[in-house]
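Input: structures, listed below.
Each of the two complexes below includes chain A, the first together with chain B, the second together with chain C.
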Partner chain A sequence: MPEFSSQPFFEIARRLEIRGENGWLAVLSPATDSSAGLDQLQADLRSVLQKPTRAIQLQPSTFEELREAMHQPDDDAVILSSGTSLTQEKWRSLDIMRSALERKGPVILWLSPGDVANLTGYAPNIRSFIGASIFLAGPDGSIMTDAERQERLNDLSQHFGFTGDEAVRRAEAGESPHEPEFVEWLVLLGRGDLL
Partner chain B sequence: MTLERARELAEALDLKTDRELDGLQLGPPHEVMSQIRAYLFRRSEEMKTKNNPIQLLRFHAADEFTQIDLGPSFDKGSTSQHFHFDSGARLSFGLTLREVERRSQIVSYRYEFVFPDGQSPQYLRFDLNESPHTDPLAEPRCHLHPGIKDVRIPFSVHNPIEILDRIFFVLESATLRSR
Partner chain C sequence: MSSSITAPEGQLSRRDRFRAYMQAFNPTAPAWEAIRAGLVIEDLHQSLYRNLAARADLEPGSQQLVVGGVGSGKTTELILAGRWLNKRSQVLTFYVDVSTETDLSSLNSGALIASFGRQLGRRLADGPGAKEHTEERRQKLKESYAKVTEYAYGKTELMLADENGSWIEEAISEGSDVPPGRHYLHEVPGKLKPPLPPLNRDIQEVRAPLEDLLTTAKEVHKDVVVIFDGLDRLLDATKFWSVVLQDLRLLRGLKVSVIITAPLSVLFGVGVGQSISDFFDRVHHLTVIPSDPVDKSLWSVLQKRGAIEFLSAPLPSVLCTDSGGVLRDLITLARDAAEEAYVSDRDSITLADIEKVAHQLGTGYLRGLGPEAINVLLELEGSRSFDVSQPANVELLLTRRVLEYSSTDFRVHPALLSVIPRPEPKSA
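== the complex of A and B ==
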């Protein structure tokens, strides 16, 4: 499999925005937790493109169902999800109906890594819509690292003048300070259950 | 009007805050995070000062709770983790969400806008506490710190983007005009 650029969903959405209204691109889903990844991609597409976003399952949609779904409406953002890998025959069918898939709104193919070879081999016309815009779902650059969490915990302990253990004890005793920072402290300690 | 009556009204206001929080319709935490990131990204594009919202925003999820932070938990001076405005002002915030049935409830927040050096007031801070205070007159659950220590003015509940609207389109705009 060729090397594809790994990008966070937010960056992928930005690239689609730059490509214009009816751009096409493909995203290779992460090997684990593809469903959560699809949710996050939808959220970033909605936020960046400021458009409604739908996910449509390619399998088992029929030709007619797919055409109708793509055009009603035809100006929102649509994610075509391959689910588990599509058969070669299904890719061929999709390629034949490529004109029916063209629409005003952007289209994102959500593929499993095994789909890329089939896309190239059996759906050359769809592949040409996408061009070089195939991306690997990359890690979100905004996830707090353990080091950053620890630094915040140290700042919180210094500000309040007691340890994390004491913070938990006070929360358990119903003696929590009211500041939002104390809530943040409990969440970063993994003790949101005490709220 | 007595102090007792003032406290009763303050308690009623906290109850209203509870109802307003119940009425907020927010998507799941990752969607709230995405909206904030896109919002800050869009605002950044309109400014001369460079900020990288992807790097500045921090997201931490633990069980049903999510913490979204920008900048330090306590403002002790300008840092590279703050969001910096063209006026010279800076922003930090922390937002705690609880996920319930694929939606977010706001648990608490703090948004601190620090004006450029030498300006009075020095800062404005929008706070939502997790629970009511025993003295809601002195500390309403949702309040504004007008830059004076221990003074808290009642403030209506806003969703996270609406607070940013006030900061970008009101506070920053006024600060720029006053320079």
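== the complex of A and C ==
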């Protein structure tokens, strides 16, 4: 069994969607091109959750700044990015302010591998919220192969009984079925903008 | 990446079923929400909340400590106790989550008093009965509240210099004429605004305004109880003691009953010369709940939240065992296993789903452990001996890698135990 579950961003977003309010999870950022990964995660969260999504840097933020940022507003999706690894002291201090970070909208921790170790060792209260939900982002997790993508598109077309072009037409006309699979279809067709 | 898809109508109801289940098993939902939704089993910890509430009610000025590991259900018990007091007695109860009020990492003595005083003042000014106060009383309340607020958040004073240019350390009172000469503004820091320098101001200075507020409160209510939550986040017991000693002494003097949480480390007194039993009237320790086929306490948690629809025997027992009896881990595993089933297009949870999420949970606990800590865990598993006088071992308890079932029964978290790398057996 792999150390952490490798998941496409879309799948991570789908997990948050089914969880409903107050969801917390952590995503291990890819070793290279972390900022592009962060952008992609933000885009997929926005599409699937149908909510505005913000990224907040943990590093320079004070208690007051973080508390305010998390609650104004408190129902959008927030990605807390550690940037380069946080110090043990910073993790301790974040841990004791966990209650101040609790909010209605989902919270996603975007972490480097070193941060995951520190999360477990120095932030047991936050780790308790994350539980087993630590997912791995990266080339194998975030990007489907062309063959996989095509296979999924065929499945979706068969499921709904019309073509991808028709799906786009219906979305443009505001006739999208209210199903997560339709959202996935549009994202795979590269038309997440229609959601 | 391919997965089967069911018919759209079926999909919708399937999604609704899972959504309802996930809502019931939300480990990060606020405790009051779970209570309100009827998802909490009130006698899980032998109705601890009733004991807490009854003692606070019967003995004004009593001080009780609630100690328990992360995710053991402390906040739920505190909220239940507060609710019980509100329903059944003439007690005015306050619930203060200190960690949302101030930056606990720079907490000073006086912060608990400041948080409590602010809530008390607000309640008297805006709560039920506020309009019935006389004008004179309203004015007095306003002044006392302002003093408590100054104590909490600090103030800026206008100071005067004498003719030689030396600063006179006497503030010019607000509203009075400003005498001629050189002036400067002097910042007096409060108790709640971070970052805080170490302060030596006498905590007694807030006693008088607090007493005024309490006198008004006790005209309507028999007694006042304050529940301080969030202090269990202060993993360092030294910090906990430095805050509570002064604040709780003052509250005892004012006959305000206190229920307060503390980190597990206070039980073991590592690096601190304090004994909790000397200081508190009662100490309640929430241990983890063993997975017991006869007792079935953990199983009842799953049942209450409607897991039956998704879990067939013996899967509930597997979940209970893998959680180690940590309530939040149990709820998390139940939720995550369902999520696995959902994303894999299954209608109910399988053993493979549970094994997968338990493995992930164990891996999370394993991360960051060095060889020494792993040896301690393997030794504990083999010999059942665990030395809690060692700070490194207390750290394993605080991070929930080791669980305490009783004062003589310590075990490695089962999810962690299943992923610990074992040394190769030596060849003969």
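Note that the second predicted complex is superposed on the first by the 135 of 195 C-alpha atoms of A that agree within 3 Å, B and C clash if a C-alpha of one lies under 4 Å from a C-alpha of the other, contacts with A are read in each partner's own complex, and residues count from 1 in each chain.
One rule holds for everything that comes next: a contact is a pair of C-beta atoms (placed from the backbone, for glycine too) under 8 Å apart; a residue touches a chain by one contact, two chains touch by 3 or more.
All values reported here derive from a predicted model rather than from experimental measurement.
Q: Counting only touches as set out at the top, which of chain B and chain C does A:Pro8 meet: first, second, both, neither?
A: both
Q: Count the residues of chain A touched by chain B and by chain C, then name the partner with the higher count.
A: Higher number of touched chain A residues: C.
Q: Based on the superposed arrangement, let me know which partner A:Ala43 touches: chain B (first), chain C (second), both, or neither?
A: first
Q: Given the touch rule stated above, what does A:Glu181 touch, chain B (first), chain C (second), both, or neither?
A: The answer is both, since A:Glu181 touches chain B and chain C.
Q: Which of the two partners, first being chain B and second being chain C, lies in contact with A:Ala167: first, second, both, or neither?
A: A:Ala167 sits against neither chain B nor chain C.
Q: For A:Thr62 in the superposed arrangement: first (chain B), second (chain C), both or neither?
A: A:Thr62: touches chain C, not chain B.
Q: With both complexes overlaid on chain A, does A:Val116 touch chain B (first), chain C (second), both or neither?
A: Second partner only, chain C.
Q: Both chain B and chain C contact which residues of chain A?
A: Common to the two interfaces on chain A: residues 8, 11, 14, 144, 148-149, 152, 155-156, 159, 179-181.
Q: For the complex, give me every residue of chain A touching chain C.
A: Its residues touching chain C are 1, 3-5, 8, 11, 14-15, 18-24, 62-64, 67, 92-93, 95-100, 102, 116-121, 124-125, 127-134, 144, 148-149, 151-152, 155-156, 158-160, 177, 179-181.
Q: Can you name the residues of chain B that touch chain A in the complex?
A: For chain B paired with chain A, touching residues are 27-28, 30-31, 33-35, 37-39, 41, 54-55, 57-60, 62-67, 69, 72-74, 94, 96, 98, 107-110, 127-131, 133, 139.
Q: Which of the residues in chain A come into contact with chain B in the complex?
A: Result: residues 8, 10-11, 14, 39-40, 43-44, 46-48, 140-144, 148-149, 152, 155-156, 159, 176, 178-181, 183-184, 187-188, 190, 192-193, 195 of chain A touch chain B.
Q: Which residues of chain C touch chain A once you look at their complex with the stated criterion?
A: On the chain C side, the touching residues are 1-5, 8, 11-12, 15, 18-19, 22-23, 26-30, 70-71, 97, 99-100, 103-105, 194-195, 229-230, 233-235, 328-329, 332-333, 335-336, 339, 342-343, 356-361, 363-369, 395, 398-400.
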